[in-house]
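Questions regarding the structure given below will be posed in turn.
We call the chains A, B, C and D, going by the order they appear; numbering starts again at 1 in every chain.
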C-alpha cells in the first residue's frame, strides 16, 4: 500500500463528494477560498495594509500557489482537458490565480487604477464556491416561472422612474440637487426602493408632496414582486405534492393516493 | 415586383407583428424610442449639454422627423383616421413630436421654465412602448381584484399619517424641523414607508419614542398590501389551472370537473 | 307638500344611505370633514398663517357651526340620546367642535402649547370618516386571526432591540451618538425597520460589522409578518370558497360540489 | 391552617401556571423583570443618571435581592438541582444577579469599559421572559422548514455584497468614503437591505448608476425570503387542517383520509 494514491483514486478525491478523503479535500478548498477572500478584504483596509503589508503579500502568494496546484491537478485529472479549461469553473479557477502573477509585471508601472482593479479581481474566487451549492432548484424554478412578470415589473418601475425623475427635475431644479434628469432618476430609484439615503431631498412644498405620492406608490408597488414570487413558490410546492394519482375501475374514482392498494371509497383492489 | 410595397402591405408591416418585415419595423421603432429618450436624459446633464449641445440638437431633430413620418404613416394607413387621432396611442404619438416644433417659436422668449418643461415633455415617448407590452393580464387582474382593499389600506395610511403628523408637530415643534402639519405629514410618510431620508428627524426623547412606535407600526402595516396582492395572485393562479373541463352534451354545461364520469347537473354519462 | 321634511324623514336622511337625499347628506358631510381638515393643515403653515389668518379663522368658525348643527341634529333625531352621546361616533362628533369653543376662553392666556395642542385636536374629525368605511371585514378577520403571532413577533423584535441597543451602546459609546441605551434602542428600531435616517450611524469597524449583521437579520425578520398576514388572507379566502359538500350514498363519495344534482362519479341522483 | 405554605405547595406555585397563587407569582416575576429592565435603560441616560443615581442604585439592589431569593427558591424546590443550575433558565437566572454583586468589587478599579459592560449585562434578564412564551410553534416550524432556503439566500446576498463592495471600491475610491472593501461591503449591505443611512453615498455618475442597479436588485431579492416564509406558512397551515384522520384496525394505519370507507392499504371496511 503506497502513500501516494493512484491517479483514479486522486480523481475520485477531487471530483466526488462521497467518502472521507473527498469530503476532506472539499473542506480544505472551501477553507482556502474563504481565507484568501478574507486576506483580500483585510488587505484593502489602509491601517491594516500599512502594518501587515509583508504578511498579506506572503499569504497571497501561498494561496496563489495552492490554487495553482489545484488548477493543474484538476486539469491533469480531467478526461476532457479543453472542456475543463473553457468551462465556467475552469475560467473561474484560472481567473483566481492570474491576477497575482500579472501583478509581478505591473508592479512598477504607473497604471495604479489598473493594478488595484487587477488585484481586486481576486475576489472572483467567491465563484469557486458555486461548486458547493446544491438545493437551489425550487428557488430557481420559482424565479424562472415568474420571469416574464418580473420583466414587466422592472419595465413599469423604469417608466415610473423616468417620468418621476423628469417631473422632479422640472419642479425642484438644480438648486435642490436635482441637477439633471439622470440624477433625478437616481433619486427616484433611491426613493421608490425605500433606500432613502437623504443625499438629495426635495425642498419645495410641491416637491415634498410629489415625493410623498411616489413613496406611497412605491409602498404599493413593493407588494407586487413579493406577491409574484410568493404565489409561484406556493404553486411549485403544491405541484410537487400532487404527484400521480391512481384510478378505481369499479367506482370510477380517479384521485386516489398513489400509495393506495385498495380504493378508499368502494374497497376494490387496485 | 416593385421596391415600394403596396398600401395594404405597408399597413400589415406597421400594424401587425407576425412576419419578418413587421417585426423589423417594430424593432426599429423600439430602438428609436429608447435612443431618443437617452438623448433627452443626456441632454439634461449640464456638463454634457455644454460640450455636445449641437449634436444633441441635431439628433433631436432627426428623431422628431422620423417620429413625424411614423405619425403620418399611421394616420394615412389607418381606416378610421379620427379614431386614431383621438386614441391613447394617437395622442402619445402626437405629444412625442409637438414639443420640438413648438420650441422653434419659443426659443427666444423669456419663459425659461415653460420651455424647459416643454422640452422635457418629450419623455412622454416612453408611453409609445405600451404598444409592445402584453402579458400584463394576470397582474392587472390581481390588482383590480384587490382594488377595494388597497383603497381601504391607503385610507388607513392617510389617517395614521394625519394623526402622527399632528402629534409630532405638537411634540417636536419647529425647532426640530417639524415646521407645519404638512411638513410633519411628509415626515410621517417618509418614516412609515421606511424611506427615511433623515432630512427631518426627531430630537426630543418623546419624539424619538413616538417615531419608534410609528416605525414598528409601519413595519406591521407593510405586511398587509403584500399579503393582499400575494393571496390574490395565488387565487388567480389556482383558478387559471382548473381549465381542462369536461362538456355535457345534454344540458350544455361546460365547466364540469376533469374527473367526472357523469354530468353533475343532469346525470348524463360523459 | 312642505319644504321642511318631517322628523322621521330627516332621521332617514341623516342615518340611512339608500336614497338620493340621504346620499347627498353623506356627501356634504364628507366634503365638510375633508375641507375642515385641509384648513387645519394649511393654517399650521407659518407663511400661509401670516397671510390668511383672518380667512382661516372665519372658515374654522363656519365649519364649527355646521358640525355643531350636525351634532344637535343627530342628538335630536336619535332615539337613545344618551347612547349616542357616549358612543364612539358621539364622542368624536363632540371632540370635533369643542376645541374651537374652548379657544375663545384660552386665547389670552400664556399656555401656548396647550392652545396649540387644543387647536390641533380638531384633526380628530378624521375619525368622523369611519362612518363611511365598510368592507374592512376580510382584512380585519385576517388581522385578528394572526394577532397572537403578531404579538409574539413584536415581543421578539423588542428583545432583539434591547439586546442590540445595549451591545451597540457598549461598542460605540457616546462619541458616535449612542448616548444611552434608550437612544441605542431608537437606533436599533430605525435600523431593523430599514427606515435608516442616518442621524446616528456606527463609526467603529466593530460597530459597522454588528450593524450589518442586524440589518441582514431585519431583512430576514421582515419576511415573517408579511408571510403571516399573507397566509392568513389566503386561508380566509380559501375557506370562503369551500362551502358545504354533498354526499353520494351509492359510491360513498363525500366531496361532491354543493350544486351537484347527480354524483359525478357514478351518476346516482342525489 | 398555617400562613407558611408547605414545600410541595410552594413548588406548585413557582413551577405551575394553573391556579390563582401560581398565576400571581408569574405576574409578579414578570413585573419585576420589566421594572428592572426599565431601571437599567433609564440609568444609562446621562441626564437621569446624574439626578437619580442614588435611587437607581437602591432599586437595582432591591431587584437583585429579589431575583437572588427567586434563584435560591427555584434551586431549593427543584428535584434535580444540578440540572437546574446548568439549564438555560438556570444560567439566565444566575447571570441576572451576578453583575450587581461583581460591581461591588470592581467599583474602584480603572477598568471602566469592563464595569460598564458588566453592569449592562443585566439586560440578560429579558431572557427570563422566555418562560412565558408559548405558541411559537407554528412560526418555528415554518422557519425550520425554510432553513436551507434561507441559508442559500444569505449565501447569495453575501456573494452579491462582496462583488458589489469590491466594484464600488474600485469605481468610487476613498474620496467618496469607500475607504476599503470592508467599508464598501458595509455600504452594500446598508443599500441592499434598503436601510440607506446616507453616511456613505456614491458621488460619481458611474457609482450612482451601479447603486441604482443594486437597489433594484435588492428590491427584487427582498421578494424571495418573504415568498419562502409565506409559502411555508401556507403549507404548515394547510397541513394542520387535515387532522381528522381515520384509523384502520386491521393494518394499524392511522393517517387515512377522513372520507375513506375502506382502508386504502388493506381494503378493510372502516
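As a working rule, a residue touches a chain if its C-beta (ideal position, glycine included) is under 8 Å from a C-beta of that chain, and two chains touch if they have at least 3 such contacts.
All values derive from a computational prediction rather than experimental measurement.
Student: Over half of the residue-numbered contact pairs in common: that is the test. Which of A-C, B-D or A-D passes it against C-D?
Tutor: Answer for the repeat of C-D: A-D.
Student: A-B or B-C: which has the larger count of contacting C-beta pairs?
Tutor: Of A-B and B-C, it is B-C that has more C-beta pairs in contact.
Student: Based on CA centres, what chain would you say lies at the far end from chain B?
Tutor: It is D.
Student: Where the CA atoms of chain B average out and where those of chain C average out, how many Å apart are those spots?
Tutor: 28
Student: Could you list which residues of chain B touch at least two other chains?
Tutor: Answer for chain B, listing residues that touch two or more other chains: 182, 185, 194-198, 222, 226, 228, 230, 234, 259, 261.
Student: Hey, which residues of chain D end up touching chain C in the complex?
Tutor: That would be residues 37, 40-42, 44-46, 113, 116-117, 120, 123, 126-127, 129, 133, 135-136, 138-139, 142-143, 150, 154, 157, 182-183, 185-186, 189-190, 192-199, 222, 225-226, 228-230, 232-234, 237, 259, 261 of chain D.
Student: Under the touch definition given earlier, write down the residues of chain C that touch chain D in their complex.
Tutor: Touch list, chain C to chain D: 148-149, 152-153, 155, 159, 162-163, 166, 169-170, 174, 179-182, 185, 191, 194-198, 201, 205, 208-209, 211-212, 215-216, 218-220, 222-224, 226-228, 230-231, 234-235, 252-255.
Student: Enumerate the contact residues on chain C facing chain A in the complex.
Tutor: Chain C reaches chain A through residues 194-198, 226, 230, 234, 251-253, 265-266.
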